[in-house]
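Look for chain A in each of the two complexes below; its partner is chain B in the first and chain C in the second.
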Partner chain A sequence: MSRLDKFSETVTRQVARATSRRSLLTLIGGAITGAATLPVLPVARAQTHGGGHGGGSGDHIAPQTTGNPQDPGDQTQCDYWRYCAIDGFLCSCCGGTASTCPPGTEMSPITWIGTCQNPADNRAYIISYNDCCGKSSCGRCLCNRNERDRPMVRPQANNDINWCLGTSSAIYNCSTAVILGVALEQK
Partner chain B sequence: MQCIARGAAFALLMASASVSAAADYPQPLAEEPVPSVAELPADYPDSWVLVHDLHFNSLPDGRAAVVDVAAENHHVRGQIPVAQFGNILPSTTRGEIYVGETFLSRLTRGERTDVITIWDTKTLAPKGEIILPGAKRGLFVTLRNSLQLTNDEKWALVFNFTPGSSVTVVDLDGRKILSDIELPGCSLVYPTGPRGFTSLCADGTMTSITLDAAGKAGETVTSSAFNNIDDDPLFMTPAMVGKTAWFASFKGGIRGIDFSGTAARDLGAFQIPTQPGGEPESRPGGWQVISSDRAGRLYVLMNPKGGEGSHKDGGTEAWVIDPATRTVVRRIALKNHSVSIEATQQAAPLLVASRPDGSLDVYDAASGAFVRTIVDVAHDPMTMTASR
Partner chain C sequence: MKWLAVSALIVATGAAVTAPAFGGVEAMPGVADPLRARQNWILQCQGCHRADATGTPQTTPTMAGVVAQFLHVPGGREYLGEVPGVATAALSDAALAEVLNWSLIRFDPGHVPADFTPYTPAEIGRLRKKPLRTEAATVRADLLARFGATNETTKKTGEDIQ
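On to the complex of A and B.
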């Protein structure tokens, strides 16, 4: 990782924490999205194709768990706890994981931020939805959840944007959900 | 053996049938010329709608369909490529359709080129392009207000996002860039006055910018805050009635903005009257959730299962609202869960509802009666633009 990348990542994490703190204070008055219990009815094709359920045939993508009881759930499913504000193809279904881009793609350095509650340890985590870029649409496990998503007028809280910005290619492949840290409580 | 006998009998039957059929039709069908390519009228009828297909499964290959929603058949009249989170915008006066789009020289890698491609309405052939410098055209799920026209449709306004916001002013006659205007904290373009635009800003205000004769930013007016983005934000795509825009909000508010003057003017808001049947409550839901007809009635796509995070879930009803009396005139129960709606500008308007499976359901907007389904128009029919 170059020094520039490190700088970029540090800034991103700091901005994320600051943004999230402001979010907790001013955007939602301290309310944090609960674990994924809401039905998922994405706006586009995921609605008819069963969200992250891998198609309408009744067949499912084989489950992928972390094996860590503190990080519970199936990363190929839209109801995995970190995906509370994701919009796109789940990289877990495309050669990556919830926090890793598929081989040969490039992770976007800037992105949108959500705060999701981990049902195992009951902590609120700041999640960064970095897009993976440089190959065309993955096409698997389309997932769209919009808790606390806000319109384009507030880009940092909007999941409709192609965040393949600052990457060598602007082409969108899939989305990750990276833990940036624990959201700090407001005093 | 039995099989061969049966086959011979069948062949004999067919031969005699073709003899009698030829007797019925003494002349063969005329030879047909090649090549043969269809054309469209230069001005599209009021029943035609541009349906933008985001094509999420292959974003570099987005497209739009030209659809006649009033016809008995031949509904899809042609297609226009709209590459990579593109935008499509028909002119009402120039016989052209503008597409803002983005290409990479090796499809998924290589040099990025942003362009406005100019399509001829009659031939659906490209007749020119204007290169947009800076590789900064905003790439996001298509919104009509990221590409708009001003100055009697002589100029185009392109919204850029890097994630810094700016607007590029483009001279369509001279096919050249006039200016780039920085827009910190504001998004999208809503044509305002004879020559200018307004953007909605992250602090809940809106900023109106007048353009001078050279396309440079002139007077700038910022409103007081009216958009409650935290609690009840406005959807970004309004229904236009003349120069008045009607925006729906997440929780069912309707706000009018007058864009006829040099600075946008807030006309105030009202709440859509509560109707029975919501669990827990009915809210606007979908992508393009509000549309208008020529008489000024509004159509809002409603989701009876409204709540936080439901704003893109689509809806199962269209509520017809009279903004003058602030009443719900009619509720149209949709046959299918729908993503976006658009009313045609016909004297007797049709209401088009796009479905997640890419088909369109068409309703009589006055009665709410179902008229027809047009299947498989798009992969992801996000925005629709009726002919005006």
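On to the complex of A and C.
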């Protein structure tokens, strides 16, 4: 027992000689600060951020509904029916709406056009994905749905390219989904 | 009696005005279903050519008021079937022939020849087998240069139609 006492005494005295009370405070302070910064690191943010590939978004945006039973769904969510082939940030989350651009951006007249099925009446509607251009990427509500999307060799039906064409700026901000009309019944 | 004559005149004028309008929609040569042709235009062409076919100078040539002039120059009719946007469109030969005939009449009626022979699915099927690639712009420029030479006939045809 006395040997153990001796050993502890030696170690304690060594620690006391080699360190100061201030260094202990530094250590504790560092640990507290480190614990506080840990959730701020990019790794932690990626986890809370749900987004990407049609998985919805972690941004806390108030739901936007038209209130029209013919146009159901939340326009700030990737699963809104008109977004069946959208690839990019939803203008609804960026100061615009599903069919208008945020202030300060310009709507591209050159677009890619497809069809989406409206769950309210099960009819196909012709949808034009007009990009909004002129400000840097909005960065909110990233969606990537690819119904009838074609590979890059068919650029007219590909949603991976930047459709900011025919505008004064080619800088992409966000995407809209404008209804052009009801598609004809397939025979 | 005078009243009768006036109303008869009004009815006759109305009929004369409406008849060509209705006839015009139905009498699109080579277009079996104008609504279907318009939808194919929207889905396959409009994204780049714009709804009114005015295009964008740097990327997509203007079709409105221009496209049917190709029918007046040698090689122009073939060019319209071989140009990449037409030849590689994701449409059947029949649907492609229909939308091509439709767009000629819809966007450049003034230049469609009076004796215009509509494109047939067989003709389109043959032309699209050898699509133009990077040389499309050069071929187009050559054809456009010939427009001037045939301007007289084009103008006349335009007046005939209208």
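One rule holds for everything that comes next: the second predicted complex is superposed on the first by the 126 of 187 C-alpha atoms of A that agree within 3 Å, B and C clash if a C-alpha of one lies under 4 Å from a C-alpha of the other, contacts with A are read in each partner's own complex, and residues count from 1 in each chain.
By definition in this document, a residue touches a chain if its C-beta (ideal position, glycine included) is under 8 Å from a C-beta of that chain, and two chains touch if they have at least 3 such contacts.
Quick caveat, the model's predicted, so the values are computed rather than measured.
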Looking at the overlay, does A:Arg154 come into contact with chain B only (first), chain C only (second), both, or neither? both
After the superposition on A, what does A:Leu165 contact: first (chain B), second (chain C), both or neither? both
Could you look at A:Cys116 and tell me whether it touches chain B, chain C, both or neither (first, second, both, neither)? neither
Scan A:Ala177 for contacts with chain B and chain C and give back first, second, both or neither. neither
In this superposed model, does chain C or chain B come into contact with more residues of chain A? B
In the superposed arrangement, which partner chain does A:Gly139 touch: chain B (first), chain C (second), both, or neither? first
Considering only touches as defined above, state whether A:Cys78 meets chain B (first), chain C (second), both or neither. neither
What part of chain A is shared between its chain B contacts and its chain C contacts? 110, 150, 154, 165
What residues of chain A sit close enough to touch chain B in their complex? 26-28, 38, 41-48, 110, 134-137, 139, 142, 144-155, 158, 160-162, 164-165, 168-172
For the chain A and chain C complex, residues of the former touching the latter: 109-115, 126, 128, 150, 154, 156-157, 165-166, 180-181, 183-184
Note which residues of chain B are touching chain A in the complex, please. 54, 56-60, 84-85, 102, 104, 107-109, 112, 135, 138-141, 143, 161-163, 165, 186-188, 200-202, 227, 229-230, 233-236, 286-287, 307-314, 337, 339, 356-358, 379-380, 382
Across the complex, what residues on chain C touch chain A? 35-36, 39, 42-44, 46-48, 50, 56, 59-60, 85, 88, 90
